[in-house]
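Here chain A shows up in two complexes: once beside chain B, once beside chain C.
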Partner chain A sequence: MTLLLIVLIPLLGALLVPVAAARGRMGAAWMAGALTATALGLLLSLAPQVFAGEILVSSWAWMADIGLYFSFRLDGLGLLFALLILGIGLLVILYATYYLSPKDSMPKFFAYMMLFMGAMLGVVLSENLILLLIFWELTSLTSFLLVSFWRHRSDARQGARMALAVTGGGGLCLLAGILLLGEIVGSYELSVVLASAELIQNHDLYAPALVLILLGAFTKSAQFPFHFWLPHAMAAPTPVSAYLHSATMVKAGVFLLARMHPALSGGDLWFYLVTAAGLVTLVFAAYVALFRHDIKGLLAYSTISHLGLITLLFGFGTPLAAVAGVFHIINHAIFKASLFMAAGIIDHEAGTRDMRRLSGLFKYMPYTAVLAMVAAAAMAGVPLLNGFLSKEMFFVETLALQRLDEWAWLIPALATLAGVFAVAYSLRFIHDVFFNGEPKNLPKVPHEPPRWMKIPVEVLVTLCLLVGVFPAFTVGPLLATAAGGVLQAPLPEYSLAIWHGFNEAIVMSLVALVGGVLFYLLRHRLFALHARLSPGEFGAKQVFDGLIRGLLNTSRCITHLLENGSLQRYMALLVGAAITVGIYAAAQHGAVNFSMSGTSIPINGVAIAILVGLILAGLGTVILHRHRLPALVMLGVVGLCVSLLFVYFSAPDLALTQLSVEVVTIILLLLALHFMPQEAKADSGSGRRWRDALLAGGAGIGVAGLTWAVLTSPFETLSGFYLEQSVPGGGGTNVVNVILVDFRGFDTFGEITVLAIAAIGIHALLQNLLIKPNEPGRYGWAPAKPPLLLEVISRPLLPLALMVAVYLMLRGHNEPGGGFIAGLVVGIALVMQYLASGVEWTQARLRVDYFKVIAVGLILSLLTGVASWIWGYPFMTTTFTYLYWPVVGKFEVASAMVFDLGVFLTVVGITMVILAELGKLSGPLAPRPVQNKGESR
Partner chain B sequence: MEILISTAIGFLVACGIYLMLRARTMDVVIGLTLLSYAVNLFLFASGRLTSNAAALISPDAVVYADPLPQALVLTAIVIGFGMTAFLVVLAIRAFGDLGNDHVDGEAGK
Partner chain C sequence: MLANAILIAMALIILALVLNIWRVVIGPDITDRILALDTLYINAIALLVLLGIHMTSAAYFEAALLIAMIGFIGTTALCKYLLRGDIIE
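Moving on to the complex of A and B:
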């Protein structure tokens, strides 16, 4: 539980910091500091157990089915990293409090920082690998926020974007790698994974899993060739650089190498991949660091180089190399964080970080200069400082490496060369900044920083000295525990003494020191040579930018190809894609069996006549489509043929519905024609028409084939249940209606809701629409009075039609009819009044708010469903009983009928909203456009 | 008989899609209506087609028409009407606001 709290306190702290900021800027800093100190205290309370060799694990199931547990683990390695994160975090908070200017939002900065801290703690304390990955990606996201903290600066935004793209992309690789690993081991828990080295390394998936996991680690730890994001991330405020880009986040990659060391290391693949990446990074970055003029740029490349060193050590795969790697993680975090802080002080107090302008600062800030010099000496590996010790161990390990046979000299030689560069750039940092003449054109006169800003640097530099002089007393136990956590095995023999006698490693150190000084003395010639050899910047950023640009251009091209704003093209692509997929599927699974064996429908003259009528009417619609009125007549014929087909094939309900919908649809389309052009000239050329005909023909053939295959293949239906249960269960003999209102009532409820939404949409679309009906004459309709005969007949017809509707409605449960059909019939009867007597006349007499009708219908349907809860039945359980009515006789009453009444009301309301709203537009009540319709908007 | 039914459905689909590929909104509406007829018929046919089958439960019925596709198609018809209506009104609105009835809002794209 304590373990969980350590991670949660900073994460929740991100919420508390802005709250505390209500008490002023310092409130945020105090809150952040107090929370970090609390978490650190909790961690220290657990430390004795870890030092005693225990591994603390606490676990909660999250999604156990996929192996995801909310589980945390504290062992030596986790303890070391958590100490670094919280300890240095505390110092950075103190430092940042004085570093940030009054213009910067302190609450925002500390909230981001707490989020990052929590994420980072999650990475190092996770027991579950998927959980680890979630926190891993969270560190990428929060570091994006921190790097882009000065969002008004474009270099900060670009740097943050690049860092996110590279580390986030690496995180995706890591996800894939972890999933493969989980597939191999069968668990994502570290305890299991770390104990399955043999199983993992002999598995076929080992190589891909390893490569993917290493991609994650290398991108995060800025290993070559993914190193380029780190220097650009230096656009962040310096406390962020000190925290993320030296002590913690970039260490997540090497943490992962250390964490997975027992499970993945040892084989040749691991050795060559990790060693090569580490070695190249070590030498290359040390060389580049020498030529950076920006202090933070120099430190950034130096960090990359040191990360390469640590990676190289883990690549060796031997226990002693791992111990050296852990040791260097500790030392690097300490001296590099203090160096970044010193760089921030110089920037803050002198106004620039350019080493060509900064010189002779010793006079102005001697105290800071001494601190920075000690830290830089540790970076160079000067004896009696912590950096020297781990570098010595590193040199010893390069010499002890047995693997490369005749190439064995290569790694020690390159390591010494990197040492030479390291001494040279450390010397440059000290000499160029603090000595080397007078400062040139500084924006302000440099001076010592506030007292409290120096304290974090002092603490860290003191640690450098203490560890360097008394390693066994200070860092010894922590190193032993952490290294034990890495190896998950007994520790090898090693000694932390300062002096091991005169051996090869000492010679290498001496060569590095002397060579570095010589290099620095010759720097002017070197700079000239470097300038000649490399005309421009190193290409990584250009390559990255080029890749991003290419990606954007490609996607823009594809988007434009598919989505150029032409609906016609989308339609064609859609149909074309459907045909292609259909052909592909047919080719994959064998063509449909076009045999006559399954045929069962007897040939009948009536049916043939209907079908031929259907085909001819369809053809007519297409041929006449540019003359809208005849085309609509043809469309009506198609609809009638469809109704007849329903009649012929024993579906009376469908026929009734189709017939009434047909009437309503045609009236609607005719109304629309009152506003839209009635004739159209041919828009597309013959090429386009042929293409469309081809597409349409292809789709038609496909559907015909599919229908044929369906009709002739063996058939099994689940309708037996409905047929059996309709009378005993639903109380009705019209199975279709019983299915609609009873068995699948919930579906029907959803459908009438959709209809109601469509009606509301139509209402909204017609609001404030200014459109002029077509002028009487060639296209428009004469405003003549409707025929008297129609007017006279339609009025007595209304009650008759309503009666028919009630009849259809009541009998619907047992005979063809029901709410849908009855609703449509009422709708048609009412629309008849509009047609026969005019909008004005009808409107005056029919003062019904159709939206209320829809609402009542929907509520009624819903209540029928809810009512069954009252009697303890599931939603929409129905019941029925029989009553005896005088004269009528036995009469059924079913609760489903109330539901059907709801359907009925909704359908009436919707039909009337659609038609009456449209009808109103053309009547005298319509809003009149002031001007020509083209200019009205 | 199956072959004629399949042909009719396929032909309706072809007519509907051809019209939906036209450039004027009214043609698209008509095409969509044709297409929904075809889809409804296809759904209906998936329950197999029988003439003279009983649609209601009765003691003397021998063969019943499959009621499930019928129930599905019934709601599909009504929803299809709602969709057509929405589309028509959208077309009118577009015509009113844009001053033309091209599907892309302007001719010649």
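Moving on to the complex of A and C:
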């Protein structure tokens, strides 16, 4: 439980921070700090158990069927990372409080920070691999928010997008790899996976799983050739860089290597892939770091190089190398976080990070300079500092490697070369920034930062020294526990002394130190050489941009192919696809039964006459379709014929609905027609018209044939069930209504919700829409005064319609009717008032906010559904009973009627919002153009 | 006797319906079409009521009621459109 809290506290904290920010900027910082400290305290309370060798696991089922458990695990490795995340997180919060300017939103920053912290804790504390992946992707997303925190800057946006694309893409690979791994092992729980090394490595799927998981790790830890996103992510605020890009997020990749070490390492494939990536990254990034002029750019490439070093160590696959890798994770997090903070201080107080302009800052900020110099020396691997110890262990491991036979010299040689570069760039950082003459035209005079901003750096630098001088006392137990967590096996022999005698590793360190100093002294020639050799930027960003552009263009091409703006084409594609599928299905399943027997539909003179009318009207609509008003009249005829057919075939509910929808349609289209050309011009050439006629005819005949076949085939439908269950199950004799409000009530609820959303969308679209109505025709418009007769007739219509609506609604459960029809009837009667008397007159008397009507309707429907929970039934269970009233007699009351009332209100509200809003587009209440300087619509 | 009369009436009403639709199709003017549509609504009411009597069923009554009550609103809107262009002002 405590374990769960450690992860949840920061995640919930993301909500609490903005709340606390109501008490001012510092409130957010205090809240973030307090929550982090609480989580750290909880972690420390569990630490003794972990130091005693226990592995704490707590698990809850989430989606057990697919192997997803909400399970967490705390062992040595998890403890180490959680300590880094929370400890350095606390320091970064303190630092950021003084780093952020009053223009930056502190609550937002800390809320993102807490989200990231929770996600990162989730990664390192997950027991379930899928859960780990979820948190892994969350770190990518939250880091996107943090890197693009200064979203007004385009480099920040681009850097964030690139980081998200690369790490997110890697996350997808990781997902695939994890799924394969789960397929091999049969479980996603780490305890099981880590214990099945033999099974995994002998499986056919081992190679693809390994490659995919490594892709995830390498993208996250910025290994070559995926390293390019990290320097661009430096557009983030410096606290973010100090936290994400030195101590935590980029370490997630090496964390994964360490975590999967027992299960995946050892084989040749692991060795060559991981070692090669690590080695290339180590040397290449160290070389590039030397030539960066931006302090943060230098630190970014240095980070990439150090991550390469750690990757290389894990690639060796030996227990001792793993210990060295864990040790370097700790040391690098400590000195690199402090260096980033120092870089942030310099940027903050000197106004630039360009080393060509910064020099001689020692005079202005001696205290910060000393701190930065100690940290930089640790980065270079100077003795008595923590970086030296793990680098020494690294050199020893490169020498001990037996695997490469005659090429055994290669790795130590390249490691030494990287050491030379590391010393050189560290020296450059120290010398160029703090010495080397006077600063050159800085934007402001540099000075020491506020007291509290230095404290995090002091703490970290002190740790550098303490670990460097007394390694066994300070970091020894933690390292042993963490390395034990990595290996999941007894630890090998190693010693944490500063001096192991004069051996080859010391020689390598000395060569690196001396070589680095020499290299730096020759820097002017080297810079010239470098400039000649590589005229442009390193190509990775260009390649990435090109890829993204290519992707974008390809998808645009595909979109244009399918979606060229021609409605005729969409229809042709849709109908054509339907015909193809239909023909295919018919070909697959043989002939359809077209017998004349078994039909139960009464056909006589009345039906035939209505059908002829329907066909005539349909043809007329097609012929007249370019004259819009006559076409609309024809459409009215079609609607009426359909309603009559519904009545005739005993579907009175449908007929009533169709009739009311018909009227609403005419009004709606007329409202729209006021702003549209009266005559449409021909859109299609004759060739296309023939094609469309063919498609339409084919589809029509196909549907008719299918309908015929269905109607004449003997089959059992669902209607029998509904007819039987209607009264006992829903308490109503009108099956249609009982299905709508009871059996399929959830569907109906969804539908009215969608309708409400559509109404709000229409309202939003029509807000302040300036659109020109049509000019009057030959005779001009009639006078504005509304016809008296119309006004007089419309008045009594409203109460009459209301009465009919109540009637339809009340009997809806047993006889044709119901909330939907009643709602439409009321809507039409209300619109009639607008129509007859104008918007102003009606609005003055009808002061109703239709959005509230919609809301009340939806809430009523929802409450009917929720109410069934109170009695312990599933959502939307309805109930009914019979009451006896004097005079009225026996009648039925169903909870579904409240639901129906909700439907009624929603429909009234929606109809009114849509029609009234459209009606207000012209006339006295129409939106007026806003006279605004330079603004055009 | 009554049954026969109703059958004859229905046949005539149906004939009227078809002729109405024919008028809507051929026009020639928009006012002809709107008038024909309105007549169509009236005839539809008559047909529904006759059907109800013929089948001795009340099931057709609501549809006829609804057409009578709100059917004319479509016609009104169309006329208002012809007069003013803007039906809700």
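In the analysis below, the second predicted complex is superposed on the first by the 570 of 937 C-alpha atoms of A that agree within 3 Å, B and C clash if a C-alpha of one lies under 4 Å from a C-alpha of the other, contacts with A are read in each partner's own complex, and residues count from 1 in each chain.
Heads up, the rule we're going with is that contacts are C-beta pairs under 8 Å (C-beta built on N, C-alpha and C of every residue); 3 or more make two chains touch, one makes a residue touch a chain.
Here the structure is a predicted model, which is why all the values come from computation and not from measurement.
*Asks:* Quick one: is A:Pro816 in contact with chain B, with chain C, with both, or with neither? Answer first, second, both or neither.
*Replies:* Both partners.
*Asks:* I'd like to know which partner A:Val661 touches here: chain B for first, chain C for second, both or neither.
*Replies:* First partner only.
*Asks:* State whether A:Pro652 touches chain B only (first), chain C only (second), both chains, or neither.
*Replies:* The answer is both, since A:Pro652 touches chain B and chain C.
*Asks:* Between chain B and chain C, whom does A:Ala587 touch in the aligned arrangement: first, second, both, or neither?
*Replies:* After superposing on A, A:Ala587 lies clear of both chain B and chain C.
*Asks:* With both complexes superposed on chain A, which partner does A:Tyr722 reach: first (chain B), second (chain C), both or neither?
*Replies:* first
*Asks:* Once the shared chain is lined up, is A:Ala22 touching chain B (first), chain C (second), both, or neither of them?
*Replies:* Once the two structures are laid over each other on A, A:Ala22 reaches no partner at all.
*Asks:* Does the superposition put A:Leu695 against chain B (first), chain C (second), both, or neither?
*Replies:* first
*Asks:* Would you mind checking which one, chain B or chain C, touches more residues on chain A?
*Replies:* B
*Asks:* State whether A:Met1 touches chain B only (first), chain C only (second), both chains, or neither.
*Replies:* In the superposed model, A:Met1 contacts neither chain B nor chain C.
*Asks:* On chain A, which stretch or stretches are contacted by chain B in one complex as well as by chain C in the other?
*Replies:* The overlap between the chain B and chain C interfaces on chain A comprises residues 619, 632, 648, 650, 652, 673, 816, 918.
*Asks:* Under the stated contact criterion, what part of chain A meets chain C in this complex?
*Replies:* So the residues of chain A touching chain C come out as 605-606, 609-610, 612-613, 616-617, 619-620, 623-624, 629-630, 632-634, 636-637, 640-641, 643-644, 647-648, 650, 652, 655-656, 659-660, 662-663, 666-667, 670-671, 673-674, 773-774, 776, 781-782, 784, 790, 797, 800-801, 804, 808, 816-817, 825, 828-829, 831-832, 834-836, 838-839, 915-916, 918-920, 922-924.
*Asks:* For the complex, give me every residue of chain A touching chain B.
*Replies:* It is residues 564-568, 571-572, 575, 598-604, 607-608, 611, 614-615, 618-619, 621-622, 625, 628, 631-632, 635, 638-639, 642, 645-646, 648-654, 657-658, 661, 664-665, 668-669, 672-673, 675-677, 680, 683-684, 692-693, 695-697, 699-708, 710-712, 715, 717-719, 722-723, 726-727, 733-736, 739-740, 744, 747-748, 751, 754-755, 758-759, 761-762, 765-766, 769-771, 814-816, 820, 824, 907, 910, 914, 918, 933-934, 936-937 of chain A that touch chain B.
*Asks:* Considering only the defined contacts, which chain B positions touch chain A in the complex?
*Replies:* By the definition above, chain B touches chain A via 1-27, 29-30, 33-34, 37-38, 40-42, 44-58, 64-68, 70-71, 73-75, 77-86, 88-93, 95-99, 101-104, 107, 109.
*Asks:* Enumerate the contact residues on chain C facing chain A in the complex.
*Replies:* 10-11, 14, 17-18, 21-22, 24-25, 27, 30, 33-34, 37, 40-41, 44, 47-48, 51, 59-60, 62-63, 65-67, 69-71, 73-74, 76-78, 80-81, 83-89
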